[in-house]
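Multiple structures are listed underneath, in structure tokens.
Next come two complexes, and both contain chain A; in the first it sits with chain B, in the second with chain C.
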Partner chain A sequence: MAEIIIEHVTKTFGAFTAVDDIDMTFEDGEVACLLGPSGCGKTTLMRMLSGLETPTKGRVIFGGRDVTRLPPRKRNVGMVFQYPVMYPTLSVFENLELPMRYDRSVARDERRRRVDEILDVLDIRHLSKAFIEELDAGTRQKVAVGRAVVRQSEIVLFDEPTTNVEVNAKLQLIRAFKTVTSRLKQTIVYVTHDQTEAMTLADRIALMRSGRIVQYDRPQVLYGEPTTEFGGWFLGNPGMNFVPATVSGGTISAPILARPLPAPGDLRGDRIAVGIRPELVRMAGIAGPDSVPAKLVDQAIGIAGRYLTKAAIGDTVVKVNTKGRPPAKLGETVHLSVPRERLMLFADGDRVPARFS
Partner chain B sequence: MTTDISVTSVDESRPAKRRRSRPRLFENRTVLVLALLAPVLTFFIVFNTIPTLWLLGLSFYNYSLTSGMPPDFVGFRNFFAILASKNAIWFDLSRTFTFVLCGVTIQTLLGGMLGFLFWGSKKMPGRRIALTMLFAPMVLTPVATGTFFRFIYDPTFGVLNYIARAGFGAGPIDFLGDPDLAFWSVLAVDCWMWTPFMTLMTLAALGSVPTAELEAAEIDRVPMWRRLPLVIWHHGKFILMLGILLRTIDSFKTLDLIIPMTKGGPGQNTRLVALELNKQAFESFNMGWSSAYAVLLLLISIAMTSVFIFVLNLRRRRESGS
Partner chain C sequence: MSRIREVAYYAGLWLIALIFFAPIAWIVMSSFKTRTDILAVPPKFLFSPTLENYEALFSRSEIFVQIGNSILLSLGAVIIAVVVSFLAAFCFSRFRPKGTDFLMFLLLSIRMLPGPAVILPVFLMYVGFGWKDSHLWLMLFYAMFSIPFSVWILKGFLDGVSTRFDETGRVNGGSWAHIIFKVVMPQVRPGLIAAFIFNLIFVWNEYLFNFIIGGVNTQNIPYALMVGTYADGGVAWTFIATMTSLYLVVPVVFIYLFQKYLLVGMTFGTVRGEV
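What follows is the complex of A and B.
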């Protein structure tokens, strides 16, 4: 068992708090992604797991073993860095062998066998005698991934491994991650700022912002049920719409709503907003029963035949992701309607648990 | 260039005009390049190339400043005279080689170790002050260093002898006067002065090692003694070798450090090639002879540099070729 328990961990650099009292558990054998914008503390948190940084406060526990003060080499973790590290004087084979070279518990034959296996998994057998100069960044990173997992340590950490790799190699690399992670039942923590990567790889995603975990859940839940405006905005491309709403006499009204919504009794807050994903907003050329008129102000071609458009209701601009070409030309009137049961209510940036019908 | 910037900031609405404000002459790339190179080239030619050629020319003449005779062309006779001489020149050369070899080795080892210590103690309080103090000897004038070390070494009132007497009850030791000790005492001062330089070079070399690779080595549980060849040496060797090369050339020319201490004595025990050259040229005024001697030393320097560069390139060629 090697679940990772993070107990009230805080890390400060001078006056700056990089990680602010995080308390969470990464389950054994799961792939967890730390997702968040640059500077949110995700890399710092990971470096504390690897031992390259020591927490200012709190404890890190690997499968019951307190490792808070242990140096990296005593933690038995594998790690892949942002910068593709490959030892320049060693061939690919020797690189993969290196983490086990000085480990007496792994016999020479066993070592060879594991390296052979990893060469096949990563599809780099033909390069086993190559040196760093002959390989591109993507392949170097593959070697680094191999080196991190070959030791079969219970925990493997990935620190934004695709950042320095060009797009084509990136997809290959992600496919390799998938193969590797499904084969080896290691606990994996993967840091990224790329939501697609996180969605593809993760069993669970920890969304971070300003040194704190905003939400920690399965990808579908994180996408479908964000607990904060930040979560709704950060995930999805484009992010969720937040339409400012006003509350009066037990009802909520907003420009996007044809009829007001009943306000839940415990609704408090200065800033109330109604949230809806752009792909859930329906755009039509003719008025419907629950639609509001809007002016089409922007459109761009998205992927898979979808269009990313913006429509203005008075001063409020709503992003709409339509299937196929929008029903009107720029500057013309369209009619927007929203499925009431998919609306979310936010008060001061936090989700208010309420369902509408 | 300056006009370019001022025009941009004052008038941004007419960028087309800005282009034309560059002098016509510089439109031609070659002219611009030459114009930019001219100052440094002039400096180099006036203060480096011309004197070297002058020296080369002078080495073929018999020319003494004191005799009042005009220079007399003698061909290679100066060189033959030096190479065939039975006097101490060969001893001077071997002494200089010993000085260079011992000095540079000690400075590299000691400086390297200090460099590693400073590199590994990034969080130590007062590290910056310690570094600044460490580099102080390097910035001092060699003549001043030599002078105050003569006082430190002095057998009657020098502080070293005071310590030797008070601490160990040893009799007065004449560090610079004793034929067995003088050479090593002078060498010690050279090391005192130039070890910081090798520390600096080691720190620079270590700074060129990517942090990620060091961190990866730590994660991969590579033992400390294996990290040196695997990661550090690979990235740091070029800068370190450059340091050793600079030190070798510089050490070969040591002069001003020794003059205030021993002037080459006792006997000829600390007489390095540069001292003899200095004496022949500026005390005996044998310009032709000393020019020829300087040319020979220059050739030796060039040979040493070439070997270094060849070795460095050899390693790189082998790496890219494999």
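What follows is the complex of A and C.
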């Protein structure tokens, strides 16, 4: 059992608050991703878990053991960094084995057995005699992953491990992470600013912003049901559209809506917006029921035959991710419609629970 | 044309090098000459070498003590200084205690005034505490004088070693001792050598403090040279020549072996070159 409990943890550097009163739990055996833009405090939070930083306030508890003031080596965690650092004069095998050599509790045969197992899991057996200097960055990072998990610590931390790896190796590396995480029942916390990576790997994602957790949920929920405008904008490529709306007489109207929406009774806020994902907006060449005319102002080719376009309804620009080529040329008129049941309502940046039909 | 220029360059360089080398050549040559030959005008380049001077030198019993003292004091002081400075520099570089920059500046201040400026307080202190004429205390004094430079040199090197190394080591179960000596130290070896050689030259050449706060037991070679210069109503040329020739051996060997690290020392580790 090694669930990680973060109890009202705050970390300040001088006047700057990097982590602001975070209170959450990572379940035992779960892969949790900390996702957020640069400088949101995710790395600082991770460093407090590893013991490289000490919280200004609050407690960190691993499986019932308060580790807040313990140095890293007493915490029994493995960690993989952005840059793999290894002994260049030792072989892959020796590098994997070394940390256990200093741990008297692991017998020699057991050490060998564990290293052997990891070499297979990561598919690097053929490199076991190679020296670190002969390996490319991606493979080095694999070895670093191996070293972090081979000690069989209950918790393994990943700090943006793919940032400095080129794209092809990155995919391989992520596949290796997947294998490792499914084979081993360790609790894993993975820091990244890459949403695809988080979506691929995580059981649950903690979305962070300005030192706080914005939302902590399964990837599909995070994507489908963001609780904030930030969440909707940060996830997805491109992020969600937020169309400014006006409320009057119990109805909500916005440029993208052909018919106004009924306003929920408790709707408060100065800034009301209607949110819709770009891939859910339908674009057609001819007017249909519930469509609004717009001018196609921008288009770019996306992946899988999709086009990323922008259409302007008056002053409001809506991002649309179309299947296939857009039905009109740049500057021409297109007709946009939205599935009303997929619309989300936001007041001052926060989601208002409301369903439309 | 370029060929001529090249030859001219080399001729010029050789000439300059020889001019600088001349006094050393003269003193080493003189150590194998008789007193008359040394003072001959014009100077004799062809002479029958003799080992008489060395025999005379080694017949003085105190000479072995003095050479031994020189080696003991300089090696001891420099080793103490390098160890202390490495740990201090590691602390400054990694933990950055409050006022690190000011402390670093303060550390260097002892080297901002010439040695003789502090000789009186140091002398009074050594007399007051009864530390005079003691190998240990003289060694510690030299170490104190060597530490500031070494800290500066080593901090430059340690700053160049990324903290990634420390952090990786720490989360993988390494103690601080392991990180400092097994992970970081091997990476700053050029800095350690630079600090070592730079301070060794300083202590090896030190005369003034040995004379003032040392004593009969701690006399070193510079002291012997100074005191032995005048003898028998004149300058003891044979003694000077032989003693100096021996005295040169240590720095020549060390500088020859570690010459590339000297630049590092003189520039506080900011110019690394090939090191």
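FYI, the second predicted complex is superposed on the first by the 357 of 357 C-alpha atoms of A that agree within 3 Å, B and C clash if a C-alpha of one lies under 4 Å from a C-alpha of the other, contacts with A are read in each partner's own complex, and residues count from 1 in each chain.
In this section, a residue touches a chain if its C-beta (ideal position, glycine included) is under 8 Å from a C-beta of that chain, and two chains touch if they have at least 3 such contacts.
Every value quoted in this text rests on a predicted model; they were computed, and no experiment measured them.
Model built by superposing both complexes on chain A: chain B and chain C clash. By the touch criterion stated above, A:Glu133 is placed in contact with chain B alone, chain C being left untouched.
When chain A is checked against chain B and against chain C, the one touching more of its residues turns out to be B. Of the two partner chains placed by the overlay, neither chain B nor chain C lies in contact with A:Phe16.
Of the two partner chains, chain B is the only one touched by A:Pro88; chain C is not. Residues 50, 52, 71-73, 77-79, 81, 83, 85, 99, 102-103, 147-148, 151 of chain A touch chain B in one complex and chain C in the other.
In the complex of the two chains, the chain A residues touching chain C come out as 50-52, 71-73, 77-79, 81, 83, 85, 99, 102-103, 147-148, 151, 157. Of all residues in chain A, only 50, 52, 71-73, 77-79, 81-83, 85, 87-90, 98-99, 101-103, 131, 133, 144, 147-148, 151 touch chain B in the complex they form.
Note for the complex: chain B touches chain A at residues 210, 212-213, 215-223, 226, 229-231, 234-235, 319-320, 322. By the touch criterion stated above, chain C contacts chain A in their complex at residues 162, 164-165, 167-175, 178.
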